[in-house]
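So, here come the structures, one by one.
Each of the next two complexes has subunit A plus one more chain, namely subunit B in the first and subunit C in the second.
Right after this comes the complex of A and B.
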């Protein structure tokens, strides 16, 4: 399922990055910058999910818990201590440590079993975190949530835009490196045929754990950025909709491509922005979750390889046509 | 003593409701290795349609029958349009049933609004019995009776009838049954509809029990059912029954003594089972009944 995005030459990526770096000079309306910042944050989240589902073939239905752990760790530190950069690093590290620990333990319990177990266990544990966040009011203020202040550099929309953009680029490069290294090749092998990978002598549990922890850590990072972008947090970060976001973004963009996850994040966030604007005139769109749910099913049934698959099919067809034309020209 | 018996009755009745949900899950899994994440959606549809029919007609039997019918129709739609197209691909099956779950529970919010709905008890089941100062709520006994009856019916169906024999054989060795000329896909549809109907009846029974129904309920109970199915052993009906009672009773006692930790207790049970015996309590392959 190696998609077309991974073959997009490096300079294309660089061109897009350069364009995004210049973008605030072209258009610095507040709402556009906020939308793009959200896209970058969710792109990190979607990429982390892609490591699990796309590269390793592990189905997780509780990915929101790592997002939520990262978000709450940062938010609670900022709430209890001062809004300074060292505290940001402390919160980030706590979130990453907790996510790594939780993903490791869940993986250890269930990754040696069939994929259903991991799906069920992650769903159940993420609900456990939701209940925990609702009950531990002293720390989380329950479902009402709380606001907190952040360092000045995060307050400025333009600088935060750059921070998230560069974070996304760095996470992309790091994850790309992991997947291109030998580890990534083993993960790919596991997703295609786990028994054969095992028979070749790879400890598949070991590699699946690496994928699980990597995904957890990256998701925790995106959660921390998300909390900072809102300067507010409540238990919604642990809701199943967050997991569904990750699923949709990776499915729509194309599994196992990383860049597809970024494209998927862009599409979904744009769609959500647009639909919530529509909801002001047509109240039916207030329940846009169902629209995303239907879209998700349609993509799963009709376009299992996502946008990347569609582009691949189109470029292949064009390539064939071009070759035919050339051959026809030569014959004439 | 009074507290103990009350908690036991509560636990057993909740356990039997969870069992109605878990029975379908475990049979569907046993027969086709399909783990249906949309099962909770059928449960919550049963709860809402049952409550709605009861409010409109004031007949509790009609409410339960109507809920079962709704569950079966929705189950057919799910099986036909979501699960059959991705048959044989486990990852896509898991993914698509989660989508089905989401659409089912969101459409509840569109039809009945996002707020919880109050549900009343039928008149003849209100009140309680008193034995030597021990007060037992009538409706809970009713749930236990219905739950046991359904369990018995399911057991008779599986152990005494032709189709039950085919289902058990299918759980043991699907390919062999197919080779003997039995339509396994038709069998699977039957089991799926049966499970969907049971889940919807469970929801309809739960609605007056908890007094309110809300769309997120489906997910909450589905998670309990998943825990039950893993603890009992996937594909084992008896295992699910046993695990349902354990989870129900343990949950009732925890909810009384340490209310914040009741879900944590289930997770602990789950972790122990996964560590010690990942196949579940009674989950040797082939333990369909």
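Right after this comes the complex of A and C.
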């Protein structure tokens, strides 16, 4: 057990959490709090994607659908019923239930095959949801979307900041426990050598389903928070860009490291915010997505294991240097 | 029941090509059976059929008296069929300790505990450390499996197989690609397993000295057919075996064996 937790830089995590908890006392400008809230929400989404791609090696091109299902469930409930906390829970649970069901069914249909069928099927089904959201106007108001009101506790930027921060911390801890303990080990094993895992007696389909459903549920949760943060929803939540965001965030942060997904979400959201602000002075930054594209290419070519890989390499080198120095000291 | 594993007219063909033809194999419990045959005779295919990697076109497989022909790979592993692969088959990006722990987690039937108990995990950890010592890999616990030397990888694979605690071990050329100096170590591990008497071992091996030294029973496979099976000393004197496989090439080593 010590072995499991020594791998998690627990103190670092606590220090960062503490800092983020104190942050609103230091700086409570509206735009910063909104930016950080967005980062926390997308961090949850990126972590859910990481469970699939980073830990289990499953490629999904339609992860946005779970984000969208969560977002729409919450938004529709708030729109049709009152903006109260019990209704929030109902919306959240509906989103989670639907996501779990859809991810389970897609997984059951496609994960048996050791190939890219999951990616294809998720892409197709997510497009199906996009069409559904556009056409079911009575419920979704089509492509224009709709605004809705939320409970007061979500309206206050500071309290919503805390809600998203704590949600992210809880999701992180839960996913960390799952991935570091028994089941997570098998997931990692499957991503590296599925046949061997089977020969050891693991029914790999079950594990891939666990990963698929876990990722779907977490993504749905982040989608619900996202809709609340905007108090507005339209079909954009089902667009392929949302999936690509998750991919970009996990790649930049480092696949297979949940903390990396959080860092990646921070970097991308931060860049998006400041680059679009820069566009006011330098028109070139109107095209800030190009910069993200370049960043993506640089990361893929230069740092395939992302930010986490870079940090790991640096600490390893320092560790080695430290050991060498100690040894040299002893020799002298 | 004397036979732990039996096949009844087991056949498989890939397209037009019959790879295994009507093989009736009987493996005696607690014994070491070696399967020999020239390259392409279907030895590894036979293993794949036994462990479930491929499905037969015809015939049945019985393990401990029950028909397992339709069972999937993980279910066969859970029933007690463990195998090693000709090409080293481990989890490259996991450490030695994690590799072994995965086998132990399976053998202790800890499949789906999302939040396992601490005592359980500690227990598995200790067991894994013992297994690492047993296969002479001490001090390498935290090394990534891909960074091991080839011989060490083979040892790791054997250790994983043993940690799985299956009654039947299918060893597919455990000495493939191993340098001459390292062979005695592997041989010793297999001898130790055999001496414990808890396991039934089926071995695919090309090194005739090793086969003659270890085997209780010898099975000769040729062009997918079971040519002969029985006492090793008698089998190798069999004329059909001589012409089919050994072709006189190995006569020297047989005499010494």
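By our rule, the second predicted complex is superposed on the first by the 322 of 332 C-alpha atoms of A that agree within 3 Å, B and C clash if a C-alpha of one lies under 4 Å from a C-alpha of the other, contacts with A are read in each partner's own complex, and residues count from 1 in each chain.
By definition in this document, a contact is a pair of C-beta atoms (placed from the backbone, for glycine too) under 8 Å apart; a residue touches a chain by one contact, two chains touch by 3 or more.
Only a predicted model underlies this, so the values are computations on that prediction, with no experimental measurement involved.
Look at A:199: by the touch rule set out above, it reaches subunit C but stays clear of subunit B.
In the superposed model, A:231 makes contact with neither subunit B nor subunit C. Of the two partner chains placed by the overlay, only subunit C lies in contact with A:177; subunit B stays clear of it.
After overlaying the two complexes on the shared chain, residue contacts for A:185 are found with subunit C alone; subunit B is out of touch. In the overlay built on the shared chain, the residue A:128 is in contact with subunit B alone; subunit C does not reach it. A simple residue count on subunit A separates subunit B from subunit C, and the partner touching more is B. Of all residues in subunit A, those touching subunit B in their complex are 53, 57, 59, 61, 109-110, 112-117, 119-121, 123-125, 127-128, 131, 135, 240, 244, 247, 251, 284, 287, 289-290, 293-294, 296-297, 300-301, 304. Taken in their complex, subunit C has these residues touching subunit A: 51, 53, 72-75, 77-78, 82-83, 85, 89-94, 98, 101-103, 105-107, 110-116, 118, 121-122, 125, 160, 164. For subunit A in complex with subunit C, the touching residues are 1, 3-4, 177-178, 181-183, 185-186, 188-189, 192-193, 195-204, 206, 210. Every residue of subunit B that touches subunit A in the complex is listed here, in rising order: 29, 35, 37, 82, 85-86, 90-92, 94-96, 98-100, 102-103, 106-107, 109-110, 219-220, 223, 226-227, 230, 234, 260, 263-264, 266-267, 270-271, 274-275, 278.
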